[in-house]
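Each of the two complexes below includes chain A, the first together with chain B, the second together with chain C.
Now for the complex of A and B:
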């Protein structure tokens, strides 16, 4: 095995254990913290695939923003301080949904590589090249996504605004 | 002694073996991180004291109390490590490390000359922003796990503030990146060979400094640790070495954001008068750190709602305008 594969095994093991603890943790804040570990490990996998930019986007957006908003929301609303348990009693359904998603993803990924053993060849892509292709080749999808996000943003503002007349 | 090959790290030049280089780089970054924040901490003691017409530390180490922070460190080590009975032990103990480590890792990409640096990442400034944003998780962990209302309020204030000021920080950095045409910190420094970017983007520089102060929760943006309102915010329950870690995080953060600001706007290690590059870099970091301390002695604390308004209604629109202007000029000139 190459050094990359050893690194992948370590990252995958830690990520999987954290993901398992994430769904079995009885405390929502602990669950959110395990989510940080899982997402960071996914970032690590991008890093060993030499996709530096994607890896640090993963850290900036998921770890640095989304999980922090999760934690913020949880602490602002109902996270018990200390060691109290919290459970929504929906493990059966969650297990079914999880297994379904796993089966779907395994099928899709294997299908994409024609059910053969995919060869991994990390190619180093500079950020400049990434920007070029994003803003030349894929500029229309990029703008479409931006527009969608802008619509979501405005929607959130409209929903959270207090009605001035009443 | 120092390699003359620009663009090659001295550490790569001196040693051949990959693992040796790795260990030496890690050690160099760690040593710098352990020394520079102590200097800034000592500067804070002395500068604040003189601004308030008193002497500050004078005894430790005989000469003007230079060893005060070493003595403080020895004191923190001796103190009892108290964990509140209701606290979440694991999260409580991990929080200082989660808060501290991002600022150590950040120095991996900070260049002190075109040969003295650990790594010249292609995405330098982006790496800095990504790693810097992890620090908030440590503060949130500390506040929640302490099982103390004041800690929790402090952590929530910190998170709201850091989310609000992350945006102007990133936008101000982005407009510099647009002008320099590169994300690499060495690239940005070299792009300022004729003039510093503070001359073309003075508003961006101000936005970046203000947002940095808020990111560091330094006065006048220190609501998360407002001692007269919520004791010491997220750090209220911490004692001994763990508390010292949070203090180190604060001073390390000052050094980190001062170095990033000097690279983005003040030409980084580039200087004139024939003074060596690392000295220029150190001087710029020192000068910006001094400003950070100076502001603490000058301004009173903002109120929580004023702080949020200031970011969303003043800094972010200004930063967006800056980006727009830089974009127009870039297209018109280039």
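Now for the complex of A and C:
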């Protein structure tokens, strides 16, 4: 095994254990902190695949911003924060759905590589090359992102206003 | 490229080892005599207060986090653009101006609606106060 494969095994192991603890943790704030570990490990996997920019975007956006949003969301809801246990009764169904998604993804990925061991050499893409392809070939999707951001901002304001009035 | 990250990995491993070693060694050496006061969270010497049951944080925190994410995502797109700026030329500049312009419209909307004010927005404050009075009266 190469150094990359060893690194992947460590990252995948830590990420999987954290993901498992995330869904079994009884304290929602702990669950959010486990989510940080899982997302950071996904960022590490991007780094192994030589997708440097994507890896740091993963860290900045997901670990830095999305988890903060989750934590604020937890504070807003009446979900018990602290020592009260939080549990729900849908573990069986959740397990079924999770296994179904896993099976589907394994099938799709294996099918994409014709059920053989893929020999992939990660191609190191520089951020400049990424920017060039983003701003040359994917102009329309990129501008669509700004509409999405516009909609997200207006949605956030409208939703919070409604919340204040009711 | 990956070998450049080796010092970071080594630093992370050393930091983790130091943290774990400190916790293990101190748990072996220290006396263990817990009292409720010792186990309470330390908040600068002030007795920690919990939010009353049923009390919720203001929704402003959530709006602020949403705004942060939106502008975070906007800033992320500036990185690859800035790195490839010379090769992209005028076309890239126009593209980015359109992009930032659209998000700027959203920014103006948020500003006008008072999403950036921490206290109650100035605009339509009279109406809001009436609603507030009505709520307090009812």
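Here is the rule we use: the second predicted complex is superposed on the first by the 152 of 166 C-alpha atoms of A that agree within 3 Å, B and C clash if a C-alpha of one lies under 4 Å from a C-alpha of the other, contacts with A are read in each partner's own complex, and residues count from 1 in each chain.
As a working rule, a contact is a pair of C-beta atoms (placed from the backbone, for glycine too) under 8 Å apart; a residue touches a chain by one contact, two chains touch by 3 or more.
All values reported here derive from a predicted model rather than from experimental measurement.
On the shared subunit chain A, the superposed partners chain B and chain C overlap sterically.
By the touch criterion defined above, A:53 lies against chain B and chain C together after alignment on the C-alpha atoms of chain A. With both structures placed on the common chain, the touch criterion links A:30 to chain B but leaves chain C unconnected.
When chain B and chain C are set side by side, the one touching more residues of chain A is C. Contacts of A:68 after superposition: both chain B and chain C are touched. In the superposition on chain A, no contact is made by A:112 with either chain B or chain C. Contacts of A:76 after superposition on the shared chain: both chain B and chain C are touched. Judged by the touch definition given at the top, the superposed model places A:93 against neither chain B nor chain C. Within the superposed three-chain model, A:127 lies in touch with chain B and with chain C [touch as defined at top].
In the superposition on chain A, A:140 makes contact with neither chain B nor chain C. The intersection of chain A residues touching chain B with those touching chain C, taken from the two complexes, comprises 52-53, 57, 60, 64-65, 68-69, 72, 75-76, 82, 126-128.
Those residues of chain C that touch chain A in the complex are listed here as 1-2, 5, 9, 50, 54, 56-57, 59-70, 72-74, 76-77, 79-84, 87-88, 91-92, 95-96, 98-100, 102-103, 105-107, 109-110, 113, 115, 131. Interface residues of chain A facing chain B in the complex, by the touch rule stated above, are 27, 29-30, 33, 36, 52-53, 56-57, 59-60, 63-65, 67-69, 71-72, 75-76, 79, 81-83, 126-128.
Within the complex formed with chain A, the chain B residues making contact are 86-88, 91, 121-123, 126-127, 129-131, 133-134, 136-137, 140-141, 143-148, 152, 155-156, 159-160, 162-163, 166, 182-183. Taken in their complex, chain A has these residues touching chain C: 3-4, 7, 47-48, 50, 52-53, 57, 60-61, 64-66, 68-69, 72-73, 75-78, 82, 124, 126-132, 134-136, 139, 142-143, 145-147, 149-150, 152-154, 156-157, 160-161, 163-165.
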